[in-house]
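We call the chains A, B and C, going by the order they appear; numbering starts again at 1 in every chain.
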Amino acid sequence: MTTPMDVHLFVPCYLDQVHPEVAMATVTVLRRAGCTVHYSDQQTCCGQPMANTGCADDAAVLARRHLDLFAGKTTVCPSGSCTSMVSHHYHDLGMRLSATDEKTMHRTFELSDFLVNVLGVTDLKARFPHKVSLHQSCHGLRELGLGVMSERRDPPKLGPAETLLANVDGLTLVVPERRDECCGFGGTFAVAEADLSARMGHDRCDQLSQGDAEYMTGNDQSCLMHLDGIRKRRGKGPKAIHLAEILACQ
Amino acid sequence: MSVSAPRTPQFHIDSEKFLADKERVGWHDGALWHLRYKRDLASQLVPDWEKLRDQAAAIKAHVIDHIPELLSQFIKNAEAAGWIVHLAPEADDLKRIVLDVLKKNGVTKAVKSKSMLTEECGLNHHLEANGIEVVDTDLGERIVQLRHEPPSHIVVPAIHLKRGEIGELFHEHLGTAKGEDDPLRLTRAARADLRKRFIGAQAGLTGVNWAIADSGAIMVCTNEGNADLGTALQPIHIACMGVEKLIPTAADAGVFLRLLARSATGQPITTYSTHIRGPDPTRPGHQAHLVIVDAGRHRLFADDEHRRALSCIRCGACLNTCPVYRRASGHAYGTTVPGPIGAVLAPAMIGTAKAKELPFASTLCGSCTNVCPVKIDLHDQLLSWRRRLAREGHVPFSKRFAMKIGAQALSYPWLFALGGKIARTFWGLARKGIPGPHAGWTKHRDLPPAPKQSFRGWWKSDGQNLGNTTNKKDQDHG
Amino acid sequence: MVDGAALAAFSMRFQRPVGSVLKAHPGVYVGPELPASWEVFATSLKSVGGILMNAQPSQAQAIQAIIDMGRAPGRVVASASAAPLLTGVSGWETARATTTPQEWEDVDLAIIRAESACAENAALLVTSSSLPERALAFLAQRILVLVPRNRLIGGFMAAQAELAQRLAGGEALHHATWMSGPSKTADIEQTLVIGAHGVCALAVMPI
């Protein structure tokens, strides 16, 4: 942390418009970790909704914009699935990727991964005196490898989110039963297969309520938005709060 | 007696039907999760689990690249051992060949152990239509056969049913006491009935887990012992195998045997893992037939992006772990093999037009990819099928149109910002229900409250100039 | 014999295009060496529903006790390879060579001899060489498997490799089965039931 690091913020489109507080908290956390934060309002969307619907050409248009805008920069994003879209799935779209593009993809990090594994920061002097259950979002976990996947028999290690939460003053971390079960969001799946998605969300809410958790957190607001929507409709369960928001609290 | 030919899947409609019975969905999810849990425990006891998966994947990749060579080596050794080998390029050929063998030998009663291949080809139906009684001997398959419905799972075919329903079925067909629903007593009743059928049958049909090229032996694995009772007693054995079941040596089978049952049910190995080579020399006149089937596999083989799905060993682990399968049930997929692997196989096997819904029946959570013992990248395969479906015009116009408009609007930051502003203005009105194509969201969920300004607005007015902001998590009035 | 032209046409469907890079076989997988321990075997056997019996106070007495445990008037039939191991034991008959294996339908207890056992998964190997009377092992209600104490193999990779050599190496084996515990099913509501179609109980006695 001795040399300040320039980071470029990649704010997912829905976060920008619907959950600005998560992006704001991300700025706070990065600055506290000693970074100089840059943001370009020319950014819009990484193309994930199109890509996951199979519309690769439409996704490629946005992917091109994204890669040109962030060309060669160290980019940080408070969402595992949007990060994974850029770092892992731009290969799938049939676009020509230059060496700079590959570098940009390679230099795109999810927030907790960046803090712990790039900066080496594990304690953000945050205080959040609550019981919190952690929802490991699928793409952050299984595509970016931000934690131990319950299906695999890899050597045990602590994921960056767990590492950061362990150092939050007053926080009690609750590990839910089925610790990395999907919440059922799945992008357009949440709308196209609404009943299935909602049932999965209900079940996940139940799991995340265990141990009297007051909050459920994670590194993907899309999952949290879905879970919180269900939680509010049914009127019980822990409130959703993004990891960045917890880390920003003092 | 049997199920009719496969129909066009209608996942959305059929999954909603299953979901309507909330209590059953919870129970179904729990029963399948239990299998996943046992799989986790079993794999924890294997120190080389991940290496074993790597090895299995590499053997399968080798096999897929060398089918012609392995096939001729296998056939040469199999014929030398006395197998009568038949080739079935299409499902109809399989049905014709099996019927011919049975007719020629005057068979009227046959027993069959579990074979997803014959299920897929509609063999039972064909034989029954031609006057041959075929009894499925796997308990789960027997249950769904008596109910005239297809299996809902490839390892536990009757997992969608409760003991009470099975009790009623057995009361009707096997004469168990009314109201009897004890699994032990129901299983014993089936045992008694099927034992008579094993003894009375003139032919035994089986599937094949692996066909070993360097020895001409096949392997059949069961827990119930039905493949052994269904081959050791009858004068004729007919084994049916998909061509992808070839492996070079029996030593390779060791790798798969260590993975199969652990992945499927959490057992260290299937109870009976049997190698059979040709006719039984202790029973003069015993015939051993082997039907090697393509039935659409070459279409998957020809597909560079999805060929590796031929590696599947039908353990069912991806079904058990799939959060969608657990809540939709196998019948919603409308294909012989449901779940993630079913959704990957179906577009190649039954065509993209018919299977167009299935690759979308997933959240792409990736758990299937992680449990797969032969490391098929299932969730990425689903995604690549979605791209193919979109290219071929099988994604609904409304979805494609929305994505096109979205991509265009999102190409202009000012348009995106304006759209966001308008949406936030009307947001409050829509909290409990938004109209149009996104109504699915508010059917079950509240919208989050509309923020006063977007992040880009905040950055412009405050954010870029501020030092550390403090967080306030109190604005949410949930 | 399969028609050559038909085979060629069939194979053509699965021929990679000329010039494709074909994946080589990864080589024989040995895996970690696992201990050839009867203790490990016992744990594995217990997990699959089998029972380990000790040959005490003597082999004959222990086997006699198992026979006498049966609900009369069941038949006790020993395979030809197991029969020589039953000196001093009464109440059993040797399986006759038969072309109608259905005649073992009423057997209560089968006594057979396995060629080897594997600690990793409690699997016991029987083949057409040790058990030409194959159906006996499946029609009986209960089974006692005698296995030479010095034929325990630790890991299954090694166990199967041994069998693979026999199969490929010209030994005229018609069948070879790894048996791990008694037959079982969980097809009704995931409830484990021991005793599906094969034996309802399996005991192993190292000899």
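Just a few scattered comments:
Methods note: a contact is a pair of C-beta atoms (placed from the backbone, for glycine too) under 8 Å apart; a residue touches a chain by one contact, two chains touch by 3 or more.
Everything numeric in this text was worked out from a predicted model, so none of it was measured.
Taken as a graph of touching chains, this assembly is arranged as a line, each chain contacting the next along an open chain of partners.
Among the chains in view, B has its Cα centre nearest the centre of the complete protein Cα set.
Mean C-alpha positions place subunit A and subunit B at a centre distance of 31 Å. The geometric centre of subunit A is 51 Å away from that of subunit C, both derived from CA atoms.
In whole angstrom, the spacing between the mean C-alpha positions of subunit B and subunit C is 29. Along subunit A, no residue makes contact with two or more other chains.
Here subunit B touches subunit A in the complex through residues 12, 15-16, 19, 22, 25-26, 29, 33, 40, 43-44, 46, 49-50, 321, 323-324, 327-328, 359-367, 369-371, 380, 383-391, 395, 399-400, 403-404, 406-408, 410-413, 416-417, 420, 423-424, 437-441, 443-448, 450-451, 453-460, 463-464, 467-471, 473, 475-476, 478, going by the rule given at the top. Contact residues of subunit C toward subunit B in the complex are 1-2, 6-7, 9-16, 20, 22-26, 28-29, 31-32, 44, 47-48, 97-99, 101-102, 105, 120-123, 128, 132-135, 137-139, 156-157, 159-161, 163-164, 167-168, 172-191, 193, 195-199. In the complex of the two chains, the subunit B residues touching subunit C come out as 31, 34-35, 47-48, 51-52, 55, 58-59, 61-62, 64-68, 71-72, 75, 79, 85-87, 89, 137-140, 143, 156-159, 161-163, 166, 183-184, 186-188, 191, 194-195, 198-199, 212, 214-215, 217, 223-226, 228-229, 232-233, 243, 248-251, 253-255, 257-258, 265, 267-284, 292, 294, 297-298, 301.
Only residues 11, 13, 15-21, 23-25, 27-28, 31-32, 39, 41-45, 47, 49-56, 58-59, 61-62, 65, 89, 92, 138-139, 142-143, 149-154, 178, 180-182, 184-201, 203, 225-226, 228-233, 239, 241, 245, 248-250 of subunit A touch subunit B when the two sit together in their complex.
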